[in-house]
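Every chain is named by a letter (A, B, C, D and E) in the order it is written, and numbering of its residues begins at 1.
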Amino acid sequence: MFEHTLSLMIFLPIAAGLILLLTPAGKGIARVTGIAISMAALILGVDVFTKFKPVGELQFTEFIPWFPHVGINYSLGVDGISLFILLAASVLLPLVFLLFTTKEKGYYANLLIVQGAMAGAVCAADIILFYIFWEIMLLPVFFMLGLYGGEKKIAATLKITIYTIAGSLLMLAAIIYLGVAYHSQFGEWNFAISKLTQLDLNGGVATLAFIGFMIAFAIKIPLFPFHTWLPDAYTEAPTATTFVLSAIMAKIGVYAVIRMVVPVFDEDFARFALLLSLSGVFGMMYCGIAAIAQNDIKRMFAFSSASHMGIIALGVFTCNVQGLTGSVYQIIAHATSTGVLFLFAGIIEDRMQTRKIEALGGIAYHAPVFALYFAIALLASVGLPGTSGFIGEFLIILGAVKFSPFIGILAGTTLIIGVCYMLWMFQRVFFEKDNELTVTFKDLTLKEGICFLPVVLLIIVMGLYPQPFIEKIEPAAQIQLAHLADTQHVQVADSVNAQDHGHLLELNK
Amino acid sequence: MENSATYLMYIPLFPLLGAVIIGLMHVFTCKRPIFEKFYGIIACIGPILSFVLALRVFFNLKGMPEEGRYLIQKAFTWFQVGDLDVAMGFLADPLSSLMLLFVTFIGSLIHIYSIGYMGGEKNYAKFFAYLNLFLGSMLVLVLGDSPVVMFVGWEGVGLCSYLLISFYTTETENVIAGNKAFIVNRIGDLGFVLGMSFLFWAIGAHGFDYMALKANAHHLAPGVALTVCLLLFVGATGKSAQIPLYVWLPDAMAGPTPVSALIHAATMVTAGVYMVARFSFIYAHVPVAGSIVAWVGILTALLAAIFGMFQDDIKKVLAYSTVSQLGYMFAGVGVAAYSAGIFHVFTHAFFKALLFLGAGAVIYAMHHQQNIWKMGGLKKKMPITYYTMVIGALALAGCPFFSGFFSKDEILFMALANGHWGIWLVGVAVAGMTAYYTFRMIFVVFHGEPRDQHAYDHAHEAPLVMTLPLIILAVGALFAGYLNLPAIFGGDQEVTHWLAPVVVEHHPHVSKFVELLAMCASIVAFIIGIRLAWQRFGKGAEEPTFSGFTEFAYHKFYVDELYDSVFVQPYKRIGGAIRNAIEPNVTDAPIKLVSQLYMMVGQAFKVFQVGFVRVYAIYMIVGLSVMSLILSFSLN
Amino acid sequence: MNNDFLLLMPMLLVGIGGIGLMIASTYESITHERMAISGMGLFGVAFLFQLGNTVAHPTIPYEQVFNGMLVVSDFTRASGMIILGCGLATCMSAYTYFKQNPFCTSEFYSLIAFSACGMLLLTMAQELISVFIALEIMSLAIYILVGYNRQSQTATEAVLKYLMLGAFAGAFFTMGAALIYGGAGSTKFTEISASISANGYAGNAALIGGSFLVIVAFLFKVAAFPFHAWVTDVYEGASTPITGFMATALKTAVFAVFANFLVLNNGLHEGWINGLFYISILTMFVGNLVAIGQESLKRMLAASGIVHSGYLLIALVAINTEQFTGGVIAYYLAAYSVGTLGIFAALSYLGGEDEKRMNFADFKGLAKVRPYSAAAITIFLLSMAGIPPTAGFMGKFYIITSAISAGQIALAVFGIISSILSMWYYLRLIVNMYFHDAVDTFETDTCHKMAPVCTMVLALCVFAIGLYPIII
Amino acid sequence: MIHSYLMVSVILFCIGMLGVISRRNVFTVFMSIELMLNAANLAFVAFSRLHESMDGHVLALMVMAVAAAEAALALAVVILLHKHKGKLDTNVFSLLKG
Amino acid sequence: MVHLAKKSIKKGALDIMFADWLFILFTVCAVLGAAGLVSFRHPMNSAMSFVVTLISLAGLYALLSAKLIFATQLIVYAGAIMSLIIFIIMFLNIQNEDLPVEEGRLKNMTIGAVLIAPIGLFLMKVVKQIPGSDTVVVDPNFGGVKEVGQLLFSKWLLPFEIVSILLLVALVGAVVLAGKRGINK
């Protein structure tokens, strides 16, 4: 449509958000602006999607020299991996504007800014540019959480902010190390991701840099021991923030691993893949088990989200194209299922003024449409075939089995763990007997129903006909793994030989 | 492309469409029901159309040469990543066409029956939507041309099973039973998924549909093949309620009775058997796996039969008999008698559906009373039900020349013929027990004096829409066995021949004498069982009390309690521990500790800013002194 | 010579302007508002002159004037611009500040001019005694400004502490200069450098001892550990615009001369790398520790100033004496100055009468009442915390880049850890401003928009510098 | 022989430091600082003699000027302090701390 | 010191020996004066003691042939600056009770001395390592007013000029801080 579609997608929302913040506009205007801008972004996103060719290289590239003396440039582009995160953001955010009508101006403005920043982070082809957007992304979340959050909002805000900034500062050091290494190896400054992949990194400092990157992303995703900010933040945050955090922002962490860590730190990545995948799989199990004991529906979804993120991350760490593609696919699936579940939880909270699972019950009799939508999202979230959740989960388990049968088996338990807490929650919230509170539950209004319809349909379409998506993801995944190809074989063979199934791979040759 | 058939996809599509239409109509009109009467009729259209198409498939196949008897439709590429290439494809071959036929046939009947049974229920439409959805999923399961597509149906039927078990959602127990079914099924599904994954990495790179897999199956290393077989069998135990995952099926009786008939007796639970038969090309490579399958099956049959002898609930009796019969089927496929196993699936579908529907009619008549010790003497009130159920019971008990006799006997004979005499022995014992508990139920319910006079007075025969299916099924239960009449009775084993191109089995030549001997043993067991039942319950009996072993068996060996305390409670307790202890004290503790330390050190450090300028000068001097010392050392 | 004078023009302008202002202040009729405007004009003109110089003569690296006692390079010009900008902003904040705290006399602005003159000299000085005198011009003027509010006991206490310790440090400087004179035979940087090149540094005890004492004096002025203790007290006692001025301009000037001194010879720099390494780490950590417990904003900013000194010391460790441009240091100083000055400008008008609002708790709910001020303060805090796309981020980026380029990985890592530690006390103010309900009405003298304007301009500068860093 | 002058200078310098850190009387402290400056001056002059260049003398002159200026200011501050508290004790001034 | 004296005797020059004695005298006076400065309780006593040091230092400058500095030290330092200080001390009319109670003065000084010792030792070490030259005779004009003056106005013009600004600042400062507009405003 335009020459600078991506820039437009990034800066249109940011500019609109800033203008809203700076002017004394009312919340009505803010919301209308939000709808208009997010719709515009959606149209642009669809435009990008339709014009996107299923090849692995970056498309829609833009390049403007910025600080040429240190090799930092304004350079953008999307490939199959970033495309879908971009799309997820553009498709899902209009929902938020349409659904939540009574919020303050700052809420909408911050949402717009975060949308732009997220688009920036996934489109950035320069690692410094990525870092800048990565950090900007956090600020609106900080304000939305702190301004409009629940009772314990300040503690949660500080926790998430300091936690993530700590991680990203370590990443900054690692990024700079990469730049300096590039300078010393190639004699020029350059921070383009594609250039950095040519680096030959080895030695202790490179490993340190790798760890720096991984800590930053592990916090954002979050991987197991770094997840402690998540339940608090997700629970205390207003619905839209939780939605943004879980549906898109956490995914950018995974995206960054795929985009930066996998091709740049190929050796270290292969070396640590086993440990990382253990962390992913253990986090999946741990958070899944923790979810069952939660009384608060949002907190339960928070743990569920963390559990899913564990499995998504695992897909990346499996170092094979099935796992990686599955991971990217699961990113979208998770955005549309768990993200939407958070919105539903928000709707329950809005109508019932409570999030306690015990206080609810029998909603299905009073809100059949809502129950249907909820059930579809829930089933996608537990990975039922026919919904989007299955394809990703299956591919990830498939990849994990190749990576290490042991981890594959552990990864498979996600099928069981997820279903336990989800069904139990569904039983207690939607089934059983209704009470004085829940008899007043109003079903989705027509507007809400129409808003959610595309997403719910998307869940099913993506489950039944995923190929149009996968054919765009897969070439990019292949390219990301190209660097890993040599090292990976050795590593995997090492890890598998200990098992009884080593010959599996030989057969596959 | 002589083997392509573009109509295959419509077989599952009709019921699925029905489900969507009814579901949407229900969702939008449930507050003010206006189409209530039509839902049943709309719901029946899909299954009947599918049945017609299934017939077409059958005759199409029949018209083809035996080696090339298959029809394929690849609707579209489902997903393709690297070497993994999965199409949304459907495969009709003798095996699946057989399944298709009886699934759609019995499915249609049960839909019709349900119109009567569910009449006046709340959420009438929802029931039919689920039922249609179930049938569609089941047909996907049967028709799927690759394990992955099969898995779609596999999980779909699991979902429907969950939805229908917990159909009366206001009752917590029902929902819990549904959850249990789904979760236990999921445990099995884990095995299925992992089995698929191993299979893919072993031989799936050149195509992951059954045709390609079968062609490449000889590349499988024995270890991998064993792993794959066992993992897939885990999936089968989940779906088909075998040890150790059988526990969900008796609880599943919480659902409406037609559901029990269709899903938890005739179709879905047999999916595991179907799957093992589908993968016969792998199981054939690893006899060890087959033995394990067979032993698990026959032990399940034994266990369930023991449980069945002590149940109070009419549906629980049937549920355990189902588990037991499924055990037979696995014993059959386990000993590589795939056609016998499938044949038992086929006959079982008729008589078990019949029994369930009959039981449903009884329950319907008794106003949802399910305890057999509250019934009695219903023979006079409900003659059609009684006679049809007796036919079903005879078939189930293995009365000679009823359908169950031929199929069960074939399995036992094949076990013996293939050298698994232990399995045969147990199988014969179980046959006796089956006869015992089946007729225990029949006698208690229909004979003797009414135990609950009030209920008895109000009991009446079911309407035609319910009895008609009973009669049709009874006919099936009587004569289905003759489709595979063994040679000894002058038959030529039609089903076995029909399935021969698909399943990999070999028929050992055993003397007629042994075959007759085996048959006699079965008959003797049947007679002993039925006689014992008559002795105890034929003239009417009071509710027995249990002690010792019987009490242990009455409580189903406390397996549910065991599972609860070994798996469920620890799971919840770990969850609780994470929430109450680990999250705040372990994972979050370092963060809290760091932040507290941070604040503490910050506060503590204020002590140094004393505010006396002289002290600040002293700091400077101390700093200088230390640096001077260091410098002094560096100055040679 | 013409050219030389042109290059020195900003300094001369400020010096002569200061004298002019001093003379003008003797007239009772000239109000301090007019003086403030004149001060702004003076700094503005000088700033533009400096800017013009930089643009017009961009390529002259070393221009020696006054017998090699002064040197103009891009680095000194950049530092000069920062100092002049700080002066301008200080005049603007002071204008509003003194509306609410009426203890101003007309000499105030001349003293700022004098101190700026001293600072400019300091950046250019290439001889130890000139450095000393410039340092003293600057310091004496600042001492006076710190104690300007004679009624205030805290201001008096601040000036006592600052003067006493400053003079103490000055004494070390003179002794150090004497020893260097003894060791190298001259106090001129070029000759010291030549002497070191000829005779070596490591063996020359007098040079080691002398440079030690000189560096100690510099470290004192930039409040590095263990010479940091005075800084919180003095910042708290001084009036807000002055605190801003001394936090920024003074630090800029001292770091400029510090860098000039260190780069004069590779041997000297090498000799001090280890020492500065430890001092910078300790400075960052001690600064953070001091900052954590503070309740007063000024004290917190003072302590954060210590931390920023630590970062700048990283840059000093990492400089390459052969190709020194000072770009990293100048950029960081500019970024830091803009942020710090901005906050102090905002505090100048938000503080109210007698600086009654100076604690974290006093700013609860500011965003609800004065959203723009709160936003500006947030921007400054984020810049100081190093969050992109602010100037502070790029500053930190350059510092860490230079550290890693120089092979000082450990220093880079410690720098990062220190910024993580510093996050809390920056966020704390933002949290207070935004996430609490307002108790105060934050009424201020609203007719005088000078400081608010200054704040907003600086807030824009944060982004301008962040997004278009002009590295010299 | 220059060494002995330098040692005198060092001794005086150290005594000055001692005065600063051990005394609370403002006058004494300021005079101790003056003493340190004088010690430095002595070093300048001694080195000047050593190098036989008169630069040191000029430097000493400058230092004296600075010392004078500093002294003037210091005395002004002392007067200010005295007006506030009537005391000359540096420890009296500890409002600012923490 | 004795060692130095012996060394001078060996040279055989009487005036040099005399100079050594003078050096010892001035040094002792200077150090004693300095010690008095830091140990007397009353600032007046300290100031007087400091004057002794300053005059002794002037003597040492003379011994180092720094004629101009010798004069300036006497005139400016011992004369002007010290007069000012003493004047202010007297002006403030300091009573005994105004003085800080410094009971642990001796203890403080001991601890202070211990703290300072490393610095002092380091500086001693530095001083010892300075390559000494035994040039005894210098140009008679060395340190003369004219020579130093010429240097001051040529080579050292810049510092000389900027000192003026410094003094100006001090002037303004004194006015601002202690001027008549005073505290009672």
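Keep this in mind: contacts are C-beta pairs under 8 Å (C-beta built on N, C-alpha and C of every residue); 3 or more make two chains touch, one makes a residue touch a chain.
Small disclaimer: the values here were computed from a predicted structure and weren't measured.
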Centre-most chain [mean C-alpha coordinates]: A
Comparison of D-E and B-E (more C-beta pairs in contact): D-E
Chain A-chain D separation of Cα centroids, rounded to whole Å: 65
Computed distance of Cα centres, chain E from chain A, in Å: 72
For chain A paired with chain B, centre-to-centre distance based on mean C-alpha positions, whole Å: 36
Chain A and chain C: spacing of chain centres that average the CA atoms, whole Å: 43
Chain A: positions in contact with at least two other chains: none
Touching two or more other chains - residue numbers and ranges from chain E: 112, 115-116, 119, 122-123, 125-130, 155-156, 159, 163, 166, 169-170, 173, 177, 182-183
Residues of chain D engaged with two or more neighbouring chains: 6, 9, 13, 16-17, 20-24, 29-30, 41, 46, 48, 50, 55, 58, 62, 66, 69-70, 73, 77, 80, 84, 90-91, 93-98
Contacting chain pairs - touch in the sense defined above: A-B, A-C, B-C, B-D, B-E, C-D, C-E, D-E
Of chain A, residues touching chain B in the complex: 159, 163, 225, 227-229, 231, 286, 289-294, 320-322, 325-326, 362, 364, 368-369, 372, 379, 384-386, 390-391, 394-395, 397-398, 401-402, 405, 408-409, 412-413, 415-416, 419-421, 423-424, 427, 430-433, 464-467, 470-471, 474, 478, 500-501, 503-505, 507-508
Contact footprint of chain E on chain B as seen in their complex: 618, 621-622, 624-626, 628-629, 631-632, 635
Of all residues in chain C, those that touch chain D in their complex: 129, 132-133, 136, 140, 143-144, 147, 150, 153-154, 156-161, 163-164, 167-168, 170-172, 174-175, 177-179, 181-182, 185-187, 232-234, 236-237, 293-295, 299
Touching residues on chain C, where the partner in the complex is chain E: 15, 18-19, 22, 66-67, 69-70, 103, 105, 107, 110-111, 114-115, 117-118, 121, 127, 129-130, 133-134, 136-137, 140-141, 143-144, 147-148, 150-151, 159, 175, 179, 182-183, 205-206, 208-209
Chain B partner contacts - residues on chain C that touch it in the complex: 160-161, 164-165, 168-169, 172, 205, 208-209, 212, 216, 220, 225-227, 229-230, 232-233, 275, 286, 289-294, 421, 424
